[in-house]
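Presented below are the structures under discussion, each in the form of structure tokens.
Okay, so subunit A shows up in both of these, paired with subunit B first and subunit C after.
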Partner chain A sequence: MKNALRLSSFGAMAVRILFAAVAAFPIVFMLVSSLKPDQQIFGDMSSVAAFLPIGNISLDNYTAVFDRVPAARFLINSIGVSAVTVVLGIFINSLCAFGLSRMEVRGKRVVFTAILATLIVPFQTLALPLVWWVNQLPYFELNGFSLEISKGWLDTYQVQIIPFIANAFSIYLYHQYFESIPKELDEAARIDGAGWFKIYRQVVMPLAGPATATVAILTFLPAWNSYLWPLMVVQSEELRPVMIGIQYFFQLNVSWGEVMAYASLITVPVVILFIAFQRSFINSIASSGVKG
Partner chain B sequence: MNKRFTRILATSIAAAALAGSLGACGKGSASATSEGTSEITMWTHNAGNPEELAAIKSVVDSYNKSGAAKAQIKLQAFPQDSYNDSVVSAAAAGKLPCIVDIDGPNVPNWAWANYLTPLKLSADLSKNLPSTVAKWEGETYAVGYYDVALAMLARASDLKAAGVRVATIEKPWTREEFQDALTKLKALGKWQYPLDMGTAGSGEWLPYGYSPFLQSFGADLINRDGFQSADGTLNGDKAVAWAEWFRGLADQGFMAKKSGKDSTQDFLNNKSGLLYTGSWAADKARAALGKDLVVMPSVDLGNGPKIGGASWQWGVTSGCKNADAAMDYLSYSLKPENLATVAKATGTIPATDDAAALLPAFAEGGANRIFMEFSRNYAVMRPETPAYPFIATEYGKAVQDILAGADPKTVLDKAVKAIDANIKSNGGYKS
Partner chain C sequence: MTTTQLPSQRRPGATAPGATAPGAPTPSAAPRHRRPGYLREQLSGWGMIAPAAVLLLAFVFLPAILGFGLAFTNARLISPRPVEFVGTDNFARLFADPTFWRALLNVTYFAVVVVPVQSALALAMALLINKKFRGVNFFRTVYFLPVVTSMVVVSLLWLFMYRKDGLINELLSTFSFGLIQGADWLNDPATAMPAIIALSIWQAAGFHMIIWLAGLQSISGELYEAAQLDGASRWHQFRYVTWPGLKPTRSLVLVTITIQALGLFDQVSVMTQGGPLDSTTTIIYEAVRSGFKQQETSYASAISLVFFVLVLLISAVQRYLTREKD
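Right, the complex of A and B next:
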């Protein structure tokens, strides 16, 4: 009996290792290939050597990446844009979900349904009208002591951030999570003299940590991976995010070692974020039954 | 908890402030790009190609410092693969720069869409390679510094071992000789597939690379008389014969239905014996193989060897407020020394003989002169119609379907139906 149990747990572990290895292969290949010259990458492709840091190993590809692309600038841009989108997204979407979940307002179901309905419209269909729209928006700029007003947000940071702060999925996620928090807590707080914002701030949000972690990750990933939108609205190199940078490598003669080095560089922040929020992320997904 | 939330709120406010300040930085850059009359912006597709970008920048710098500049040129570079999307978005927002880079076959479409204005240059274009001057409806809309040419690369030692003669401009391989050469090369047993046609390629490579074979069979992408229908041209007997021949190369095991991602590298790693590629691969191949490399013309499939003509070119946008300065810059940039600078940096074929004379590789007897001859002798412009981007997409899909095993006639009929419907729905793409 004991042996059978041991065998079955060994089998389960073997299956897990197999799945983990399959999932890890592309990342290992990327990291290992980023250290090899092109000729060796293709030469090693037909054997297990493709996954091993052997042969002519160096950091030359990383040096070349910084020669070809302003990678540091792109990384800073993406970190800034993603971080601001996440922080503002958490605040705005949780506030919206709080109103829809806790406050008794006529028509809130219709509003909530309308918000959810936007989920079925793919961004690609909205992209071009949105370009026209953001190009009509006014922009206020402080120049010395005078306030200047100009038209159009193209080629700015805010055009990469503001359209993505309000997010139907984040509102839905918060709404569902808030629904699981007993309303009696609100009532107790109200008896103690708390207003709506205080209840949101001091009662509901502190209990919504896992939802916040999930929203943070689910907002960060598309912001970090954003490609189509910046392609359409950003013209200056100094404002471009990391994903546009990958296109710099696809010339007539592609240097795959450099592609892998750049891909490794831009993957690191995502991995760090996921590791940092992993536990909350999994908890939230498990409790809300939502797939990312 | 209370403190924690206060921190979150404070961070949100700080983030909002950061968004504002980031925005301010961004706007500062944007205002610099706004089109005035003393500074005009020029977009180029070569971000990520430091050599070409540096060459273009040196031309711009020399114009800006020339003293005779009618405006200062500000250069903005975009990655090639996403360049067209950036241009189309900017056009939708009415934010096109004064001067744009354009892939040659797209010029009629951009002219039809009123992105471009006809060129009025002081430079003489009559001596340029024909494929470097883009015309539509009798007007010149764009001009290129260079062209590229398709060719067959092989190792002389392999051809010798297989008993295959080296094809030349005077005597290119016929269809039968090509079949014989592939059979003999395969018999050497050195490669799983002796021929690499870059079948993993996508996008513009598909019409650029494979429509010349179609044309060599006597068919075409569209009936060029009026450019109103592809019926009978892209789905006629000759087109079907091309499709069957092309798929036959894969069916006989001469080439992979889907090649490796980097055909040049595979050829250099000796994973193929015969590479169908462009002149851009020649310098890399020559550096690796030295004198063993042979550069041969494409195959004559009945109507002479054909290769695609036209590469990246320059045009002036119709909304440019200082078109006079834009035209002046383009005229200046077409000087032989500027063309030579760019061609040297890119390994491409300079647009004029005067520029070629400044480059040993392209001068008479130079290692790359043969590509210039290919371009002069075999280049066929992709159809000069605004419908071209649609035709290219449909043809590309047809190529992939044919390779995947679909019935050639059915696939080509479907492509023709889609192309004709598109032309009709756009009113024949009349100007």
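Right, the complex of A and C next:
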């Protein structure tokens, strides 16, 4: 405890604040600039006014953003794609980790090793063959009462979702977390006649809240932030996610106020979501999640 | 992965599951195979593992194998010609291309700076917020803010700040009382890569701070108490308790930062498009440029394959160097 007291001494606090200032200043600058007209952004830059919402403050940049870009549509697309990816990701990856961690399944070691091996394959190296591959996949569509089968997933919602549901890191996180839950709980439930799925749903998952929060954030972030993939596989404007919208601002005259407004618009929801989850997220990684 | 499914499918036909009474003396190597519910456990287990395993098979393993194969062909994204096997032509072309060697050099430069600096800063941040104190959650959140901001948004924001009349130069000028006149960071071949390095560290350090934090929290508090009883200084506590305790975390941080650094793409794509004069181009940027913009799927696959082998080699070397010595 003496050590803790010394650590939180004045010097350590000064360093903490310095780091916090470095981490936060570009984000504060972005939010503040989004409220200012272009001329004032450049005028304020040489003083502390760059970080303060003072002067000619308005939401004009935001209204201009909605005129220039179908921002509402992009936001709805990104929210939908991210939400579906997160929900299915939590379900499928936790289910897989449950089978690998808590059941005596033959061959599970090989499967677990193979799953972990996918962690060393960077997505960028898969992207190009994946484009070719998803274009070969069949696509089922209910049209009235007849089921139509067409070829190719390019330019759809599912091409933005399905390849990213299963995730080795999520399976690993759940696996680590499940290992820390006593197996006696399963035994007791089995004696009471519970099936495996019931144990998963009613015994193990309710205890795995912090792991779920972590997986939710770690699935949500890349889904919301994805850029390279939609650039390659989505052509229709009505299916595009938010990150692609950035391109619209560099086609004609660039207004940096509008760029900052759009950047804030697509960043703030993530920050709010993160702050809502941050306690369980950081604590779960920090206490039991990632270990080498 | 498909072969591993065979034993569980073969099993039911081989023995009648649950035929032996539970608790019957079975001194053989695998008595659990005969206990009641064995078949059910296998079937439900595989049922639970299968969805994720099939998806990973379809969207990671298959494209990886596909990419491997395409690298030895002349496939194009959209082409009327049939795909032909061309041997190692793509690799010969790649190794004769000066842009590829420049990209390799740039990525090495990036990694050599980013790996040590980012891991050290991340460790410093983790040490600063490891112990509980008033406001610890505030600092944890702020340090992590750049990580939740998309790399595309971050690149855009810094693109604006790096302008000749941008925020960075104005800040430099203000803090040096007008002595330093900043560069035109992204348009000068000498400063473009350092500028990208700075923003990359700024964005990603918070993520590795969390991994370090996990390692710090796993070190028992009793060790520190014992060290204090022995009168160890703060530096000695770090040197002889913290640092050895972080051993498994160290290799994890090292490998993840290195792989991340070698895969440099988003920042370059948004900020410099590889320029000026190829000073910021990277392996992945070249792969995407040839595969997507020029539609040369096969050549891009060859670049991806070289990249993958590089990542494997470096992870293997790092694993060897940081292996358990006992």
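Brief remarks follow.
The definition used in the following text is that the second predicted complex is superposed on the first by the 267 of 292 C-alpha atoms of A that agree within 3 Å, B and C clash if a C-alpha of one lies under 4 Å from a C-alpha of the other, contacts with A are read in each partner's own complex, and residues count from 1 in each chain.
Definition applied: contacts are C-beta pairs under 8 Å (C-beta built on N, C-alpha and C of every residue); 3 or more make two chains touch, one makes a residue touch a chain.
Source: prediction; values computed, not measured.
After alignment on the shared subunit A, the placement of subunit B and subunit C results in a clash. Of the two partner chains placed by the overlay, subunit B and subunit C both lie in contact with A:Trp256. Contacts of A:Gln202 after superposition: subunit B is touched, whereas subunit C is not reached.
When the shared chain is aligned, no partner comes close enough to touch A:Lys151: not subunit B, not subunit C.
Touching more residues of subunit A than its counterpart among subunit B and subunit C is C. With both structures placed on the common chain, the touch criterion links A:Val131 to subunit B and to subunit C. In the superposition on chain A, A:Ile162 contacts both subunit B and subunit C. Of the two partner chains placed by superposition, subunit B and subunit C are both touched by A:Phe42.
By the touch criterion defined above, A:Leu239 lies against subunit B but remains apart from subunit C after alignment on the C-alpha atoms of chain A.
Using the contact criterion defined above for the overlaid structures, shared-chain residue A:Arg16 touches subunit C, although it does not reach subunit B.
When both complexes are overlaid on chain A, the residue A:Lys183 reaches neither subunit B nor subunit C. Residue overlap on subunit A between its contacts with subunit B in one complex and with subunit C in the other: 42, 128, 131-132, 162, 228, 231-232, 256.
For subunit B in complex with subunit A, the residues that touch the partner chain are 1-2, 4-6, 8-9, 11-12, 15-16, 18-20, 22-27, 29-31, 33, 43, 47-50, 76-82, 85-86, 89-90, 92-95, 260-262, 264-266, 268-269, 271, 278, 280-281, 284.
Interface residues of subunit C facing subunit A in the complex, by the touch rule stated above, are 1, 4-5, 7-8, 11, 32, 37, 40-42, 44-49, 51-56, 59-64, 66-67, 70, 75, 77, 124-125, 128-129, 131-134, 137, 139-154, 156-158, 160-161, 165-167, 170, 173-174, 202, 206, 210-211, 213-215, 217-218, 224, 228, 234, 237, 247-252, 259, 262-263, 265-266, 269-270, 284, 287-288, 291-292, 297, 300-301, 304-305, 307-308, 311-312, 315. Contact residues of subunit A toward subunit B in the complex are 38-39, 42-43, 67-69, 80-81, 83-84, 87-88, 90-91, 128, 131-132, 135, 139, 141-142, 150, 152, 154-159, 161-162, 201-202, 205-206, 228, 231-233, 235-239, 244, 247-254, 256.
By the touch criterion given at the top, residues 2-4, 6-8, 12, 15-16, 19-20, 22-24, 26-27, 29-30, 42, 45-47, 50, 92-93, 95-96, 98-100, 103-108, 110-111, 114-115, 118, 120-122, 124-133, 162-166, 168, 171, 190, 195-197, 200, 221, 224-225, 227-228, 231-232, 243, 246, 256, 259-260, 263, 266-267, 270-271, 274-275, 278-279, 282, 285-287, 289-292 of subunit A touch subunit C in their complex.
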